[in-house]
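What follows are several structures.
Each of the next two complexes has chain A plus one other chain: chain B in the first, chain C in the second.
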Partner chain A sequence: MSTALDLITRVRGVRGAMLVSADDGIVVAEQLMEGIKGGAVAALAASLAGRLRRAMEAAGTGTSVFWHLQAEQGALLVVPGGNAAGGILVVAVAEPDVNIGLVRLELLRAAESVV
Partner chain B sequence: MADDIRALSAQLAQDPQSLVFLRLGEALRRKGQLEAALRVAMNGLERHPHLADAHDLYARILTDKHDYERAFDEWDMAVRIAPNHTGALKGLAFLYFKVGDLAQAEAHLESARKVEPDDPSIDQAIAMMRKGVSPPAPEQGAAPSPPSAAAASAAPTVAAPLDEARVFAGLEGANEGLLLIDGAGRVLGGALRNRSGSDVTDAVAAYLAGVSQEAARTAKLLGLGAWNGLSAEGQHGNVHLAHPTPEALLLVVRERGMPLGRLAILAQRATTMARRWLEKT
Partner chain C sequence: MSPQTRAVESWTLKPLTDFVRESSVRLVLVLTPAGQVLAQSGFSRAVDVMSAAALAAAIVASTGELARQLRQPPFAALSHQGPKNGFFLATFTAERGTLAVLAVYDLDVSSLGLVQLFYEQLAADLKTASPKGAVPKQVLAADFERELTDSLNTLFGR
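Now for the complex of A and B:
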């Protein structure tokens, strides 16, 4: 698991990565820079992922394979691994100028390795 | 033509309040001097904000510049001021056709025909549209003339009621996959259908209620500042969420083939339109 997170945090601009239980929002593994409240972020990310999953399924787009929240000073990037309802979320917190495409690839790779 | 422009410019310089700016703006537009035409039209609009012809001129210039979104707003405004303004009706028909809303396009052309039943260009545009050919972008008459005083003074000042179905009118794919909801999950505009064609507007709106607040909390907790948008890639389609106002939430849904970056640009345009619409209501 830590190898999977290593690959994500090596990407320039990534401030941290986590594996989160999609069901209950609990941190399974984390590699975060100081100052990031892993537990709270995990809970909110899981909650947001749940809402998004239900909305996307209702809209007919199928479950999400990748999503990212863009903000003024950074981004939260998430890949739901395996069965999104009861699986693992691979989460990254990044700077605003991060290469989103590269982080996405590493998140997808990590999701494959941990599921 | 150059002499005309010089003469009209001189007239306008002598009497900046005069309506000669309409002829000057049109002459510049026809000559392809779009930036100059735009300046003339904007100056004229500042002095005559309730003149439908001024909005019509501005819209035609914007159309030449392919700025269809703003052109729609201007023609929409012209029709609100003067509901029988055939130039604006034809302009709106042209833009509705461009976004694939043939029913609205034809309805606007029919309205124009009722006002000017002898105008062959309207019949021609309807015929072209029915064959699937884009009607020509509306042109002012071959010999532009200042509007009649009656037309200008007949302008009502009370705007027509806002139509929620037109929140996104003029935008690429305005009739599909765009939904605007409030913080409680109530639909403000737009609609959604799933892949089998069933209306899923209410269900999706209900699931998205509260997402805006949750996204804001997450971004704040991470020290990321205010959130701007949320893009998601699905198995069969992509979505983008944005918030035109702190309470409202906009959802754009497109086929998987549309890359997330392009979807974000489309969502940005829809957000601007939704914000304007919300400000008007």
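Now for the complex of A and C:
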């Protein structure tokens, strides 16, 4: 698990990476820079993932494979690993100008390795 | 303010209302380890409040004793998750004395992580709001039934 997170946090601009239980919103593993509240990010990301999953099912688009929230001072990038309900979320917290494509690639790799 | 949130001790109302709104829990009780309810949210029947408070107090007492036998400090929190609902029970110490919070949540709308996250805020807010230097009032056996009835009437707005 730590190897999977290592690969994500090595990307320039990534401030932290976590594996989060999608059902509980609890941190399973984390590598975060100081100042990031892992528990809060995990709880809110899992809550959002659950709502997104239901919205996408209702819209008939199938399950999400990657989502990216861009904020003024940073970004949250998430890949639901395996069965999004009851599975693991791979979460990255990044600077606003991070290379999104590269982080996405590492998140997808990490999701494959941990599921 | 949610119409279903009511408090016997008014200083608990704002923190509890915020907790219910933010964590999306279905039912909450704030009580003493003896089972005296200070505030409730989401309950519609007095008998449910009495049962939940008695059971929560019993869990606090039994886990406290288990911790004592293991020579550990009392457990900070207990969580149980079923297929559709979860419950979370935790204690903390404020000026008012030790208080317990019992929260029941639907897994469709909340999660253990969210409840834990906002419980920390609730505990901090209750500690801040707790009356300073207040000595918990002793309830005599002779007054118990009247005190209980008064509390239930307050909790259900009667």
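Assume the second predicted complex is superposed on the first by the 115 of 115 C-alpha atoms of A that agree within 3 Å, B and C clash if a C-alpha of one lies under 4 Å from a C-alpha of the other, contacts with A are read in each partner's own complex, and residues count from 1 in each chain.
Please note the rule applied: a residue touches a chain if its C-beta (ideal position, glycine included) is under 8 Å from a C-beta of that chain, and two chains touch if they have at least 3 such contacts.
For clarity, every value in this text was computed on a predicted model and none was experimentally measured.
When the two complexes are overlaid on chain A, chain B and chain C sit side by side with no clash.
One geometric descriptor of the composite model is the angle centred on chain A: between the Cα centres of chain B and chain C it reads 100 degrees, in steps of 10.
In the superposition on chain A, A:Ala55 makes contact with chain B only, while chain C stays out of contact range.
Look at A:Val65: by the touch rule set out above, it reaches chain B but stays clear of chain C. Chain A is touched at more residues by one of its partners, and among chain B and chain C that partner is B. Contact with neither chain B nor chain C is seen for A:Arg12 once the two complexes are overlaid on the shared chain. Legend: residue contacts after superposition of the two complexes on their common chain; A:Leu44 is shown touching both chain B and chain C.
Figure legend note: chain B and chain C, brought together by superposition on chain A, show a least Cα distance of 9 Å.
Put simply, chain A uses residues 40, 44, 47 to touch chain B in one complex and chain C in the other. On the chain A side of its complex with chain C, the touching residues are 20-21, 23-26, 39-40, 42-44, 46-47, 50. Partner chain A is touched in their complex by these residues of chain C: 81, 107-108, 110-114, 116-117. On the side of chain A, the complex with chain B involves touching residues 35-37, 40-41, 44-45, 47-48, 51-52, 54-56, 58-76, 93.
The touching residues of chain B, when paired with chain A in their complex, are 192-196, 200, 203-204, 207-208, 210-211, 214-215, 217-219, 221-239, 251, 253, 256.
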